[in-house]
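Take this structure, written in structure tokens, and hold onto it; I'll ask about it next.
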Amino acid sequence: MLKIGILGCGRIGQVHARSIRNLDDARLIAVADAVAPAAEALAAKTGAQVRTSDEIIASHDIDAVVIGTPTDTHYDLIHGAIAAGKAIFCEKPVDMSADRIRDCAKAVGAAGVPFLTGFNRRFDPGFADIEARIREGEIGEVEIVTILSRDPSPPPLSYIRSSGGLFRDMMIHDFDMARFLLAEDPVQVFAVGSALVDPEIGKAGDVDTAAVTLTTASGRICQISNSRRATYGYDQRVEVHGARGLLRAENHLENSVEVATGAGFRRAPAQNFFLERYEAAYLAEMRHFVEAVLSGKSPKPGIEDGLRAQMLADAAAMSLKTGLPVRP
Amino acid sequence: MLKIGILGCGRIGQVHARSIRNLDDARLIAVADAVAPAAEALAAKTGAQVRTSDEIIASHDIDAVVIGTPTDTHYDLIHGAIAAGKAIFCEKPVDMSADRIRDCAKAVGAAGVPFLTGFNRRFDPGFADIEARIREGEIGEVEIVTILSRDPSPPPLSYIRSSGGLFRDMMIHDFDMARFLLAEDPVQVFAVGSALVDPEIGKAGDVDTAAVTLTTASGRICQISNSRRATYGYDQRVEVHGARGLLRAENHLENSVEVATGAGFRRAPAQNFFLERYEAAYLAEMRHFVEAVLSGKSPKPGIEDGLRAQMLADAAAMSLKTGLPVRP
Amino acid sequence: MLKIGILGCGRIGQVHARSIRNLDDARLIAVADAVAPAAEALAAKTGAQVRTSDEIIASHDIDAVVIGTPTDTHYDLIHGAIAAGKAIFCEKPVDMSADRIRDCAKAVGAAGVPFLTGFNRRFDPGFADIEARIREGEIGEVEIVTILSRDPSPPPLSYIRSSGGLFRDMMIHDFDMARFLLAEDPVQVFAVGSALVDPEIGKAGDVDTAAVTLTTASGRICQISNSRRATYGYDQRVEVHGARGLLRAENHLENSVEVATGAGFRRAPAQNFFLERYEAAYLAEMRHFVEAVLSGKSPKPGIEDGLRAQMLADAAAMSLKTGLPVRP
Amino acid sequence: MLKIGILGCGRIGQVHARSIRNLDDARLIAVADAVAPAAEALAAKTGAQVRTSDEIIASHDIDAVVIGTPTDTHYDLIHGAIAAGKAIFCEKPVDMSADRIRDCAKAVGAAGVPFLTGFNRRFDPGFADIEARIREGEIGEVEIVTILSRDPSPPPLSYIRSSGGLFRDMMIHDFDMARFLLAEDPVQVFAVGSALVDPEIGKAGDVDTAAVTLTTASGRICQISNSRRATYGYDQRVEVHGARGLLRAENHLENSVEVATGAGFRRAPAQNFFLERYEAAYLAEMRHFVEAVLSGKSPKPGIEDGLRAQMLADAAAMSLKTGLPVRP
């Protein structure tokens, strides 16, 4: 039984609490949030106690912490948790600065504590199945990876201004997915982007429509495209072209109904909300973390994966700025 | 090279002319129609001569006749063509009366002339593929066949009054398909039906919505349903459940485009017109006829198949009338 | 907050316990099972207490009971729960005998206690969406309903011998679905069936492959087919043809991945297990029950629906036996 | 009636002959080929005469020429046909050199003869439907175009050595498609590529796996990827993401059959051969050419479109060589 404390009771903290509730070998002991009513509400719903973050990190009845607080607090919480010997499940991005992630990675490595970076999409049943089939050689050598991600609608401008930009906030998931599926680290990043959805996003110095090309040393290619808008739901598709075949994961629609009329055959829109779309992934992610920690294995993706994705995002931002391909 | 004469230059005669034009080993020599301008128009388009039906049947430069005239003329034309030793491609139904078909079948058998009954759907690439897979044992023993056919809209009432009714006019194709896929002749027919599309059809003594259950001696089951109306195009689906798997053929849509909006993911309607939907089937049907005749083999489906389908239609009509299962 | 006791801690009792755990306005207070370790295991997992069935029914801290015990115990438990004024969620079938269900229905009506018959499929997001669209008139008047259900593999012969036969054990769900979608009670039932999957099932007096045709007073038609075997997973499809369009619900596949090779494009098999396939339906069913009871409304489907489905199953069994259409 | 001569009786000349045979307002008068038996065979099949190219260009009974000869002969034939006042249907690429195409374009413009560049894919029913919907504003402003093309297998090395390379030989179609769908000319081209399918292709100085990013002045983005190999057939997909929705065209499968077994649900491979895949497109292309010429309109795509696509291919080749984005 893994005893867990949740730091941060916002949307993502609540998701993880629900996952823990559905696992037989994990128990949520305590929750913390800078906003007291948020912690109290989650505690009431789950039967967990309310403690401060420091108290949770120091608690002897807690084995692992789930860090879902604002990004700029991660660094200190990670170091605190390392010092207390806790297993760590940290939401992405680990930090806005690759240097500071590198610093954390060193400390994690030195202390040998289990660390999972919250790239939940690796645990999506479809994407995980694709990776497993690649690993088993079902389509031979990977040659071209295509990733299409579109959010239903852009976040508020206030969020965009502090998010680090599309590459670090949104495409970061796709960079991790690219590494997951290419099975080889990209050596070159080329990015283009525009503000087509909302000119205000452009004025804020960001783009809302972007495309990136990654290449690896052995010549594999990955194309990623992002848009901050999709009228038909949360669009999340991946495909991998290999020497012996193609693997692709289609969108998750709201239901399996098809309506046929004179206008044609219509199926439901894609599931619109990331918590719904990735519900199974979040549960599988927490299950993996709990099982890894309980069995003494390293959870995956680790902090190194968090660092590598951030480096690709930094390189993409630099490529967009300079108009040139960049080595990450 | 098979030299062909077409009897009847209406819609279906024109289809067969186009098929012949696309075959390298067939040539259309002459066409006939009771309505002179119809024959002249088709002749002008194809370069064929205009002759009378009798002349075509008597022509020494013609090997085979395609009979696409009104049903009540088939009987005499078939006997004439048999007497002249022509190979015969006859549109379905061979005749409205099973007894008269039986009579034709005897004459065909005695003369040994090649005879194909125009059940074009057997030549649809999808349905033909299903039948081939069944024959090769891909899904093991056939257990349940499900056939769903819906026409885009009902024919004129004048046609319905003389058509012999839904079972003989429309479901006849499905009865042949059932025999094709069950690979065993049904021993019981149970039919239900209503006039839901147009009460006038009910007043004319027919139904426009119907369902039939066929069973074979070994216990295989086939369910067929028909409607005279489908807002989303010409609905033509078949599926076969076997001991080791399922085979199904989906509708042919107008194109392969999908439009995604807030309303969901929409593909085109089904091809709306039977000539378009079965264009490939008509070509394959004519190719089969030409190849069979040229190589001295019996084309399939033969006149016996035309008879058996008619017997099932008669049994369904009787079942609807009596409310009881009927032995065909 | 609805306080619930579960009677019967087998597979289905465990499903309902999990649903309750995921609802904010319901709490599982106690569980009972004739087999003590089963009750203890579920209690340990959920934090509920172990009590006897009689104790649960008599408990003042419990508002509602979920009956998931063997069918032959339902009658007494229902009457006990009615006497205690508990809201009742009873698994299907309510009883093997339509007369005894009628008897329960009278008692439920007289006492005015809320009663839900566990036809979980009505709560499947796809099937529920179809029913809602029909009700809102999206496809006009319903004309033909087609229901295809195939189980992955037959249950043990011992179960078949005591199950009441395919129509009462398996197709009962489809009879309820037919009523749900036809929005009109069938007035005629015609059934055919064979033992094609396993001759032992035939020797046990049952069929494993069956097809039923239902007709309503207004002329609507429903075709149902069942098989006890499907190599490709749990096959659960429904479609409704209406005057203005078609609605259909496709199978739920294990994931959304497509693999393309020289053999073609392959997607995953259908979810194989009914608990997985209907997980969302079970949760929605319990949510509906809890919300209905808390807000003083009658849950739906009620005991009358349980009775009507049983009457259709009885009629189908009679039709199979006599070879004739039967009035339910 | 448009009277046509075909120059070049190879594979593509034969395709166009078949298209002409299926059009009521066009007639194939004569065919020419440097290899006499090729011309004779096509003449025999179609009833056309055999003439030399020069004779066809000079023929008074011929209105239009279809140029399907080797690329290096196009330039002279085009100038000859212009001088003779013939309408011209020229296969792509018009020439290997953009300068020489520019030269032809000037001559075509000066003479005012109708000219169609053979980008057949614009006439594919799916792609044409997408372009029409974009034009009608169905998805709002175009933002991201994604084009995935994979050939079933690489051409012989001898062909690759003389083809001008993947960008000029294969991706040229995608460059034209990008222009067709972006409705705006790209201002920047960035290309990456590798020889992953066959190292011999790399030794020959070409790539077999490539990805290109195009951007337009208004910020629209197009991603294209190509592979010379696809085990699952001829992979031809296009999608367009716009402000109000998404349009995509899926592959054409060999038939509409789905086989379900324990391995899942399998559909047929994609049509494997470009003549089969684009059969409808070739017919529509010829129909458009004939109708445009007969009605005095300019066929589209014209020679300017042939030039622009070639310029994008040249820019992509330059980008691959230099590693930098290039202005076309």
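By written order: A, B, C and D. Residues from 1 in each chain.
As a convention for this text, a contact is a pair of C-beta atoms (placed from the backbone, for glycine too) under 8 Å apart; a residue touches a chain by one contact, two chains touch by 3 or more.
A quick note: this is a predicted structure, and the numbers were derived from the prediction, not measured.
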Selected pair, greater C-beta contact count between A-D and A-B: A-D
From chain D, the most remote chain by mean C-alpha position: C
Computed distance of Cα centres, chain D from chain A, in Å: 41
Interchain centroid distance [CA atoms averaged], chain A/chain B, Å: 56
Chain C: positions in contact with at least two other chains: 231-232, 244-246, 260-262, 268
Complex contact set, residues of chain A against chain C: 18, 21-22, 24, 45, 125-126, 129-130, 133, 138-139, 244-252, 254-262, 268
Residues on chain A engaged by chain D in the complex (per definition of touch): 141, 143-144, 146, 148, 150, 188, 190, 192-197, 209-211, 213, 215, 218-221, 223, 225, 227, 229-232, 235, 241, 243-246, 323-325
Residue ranges of chain C in contact with chain D within the complex: 231-232, 253, 260-270
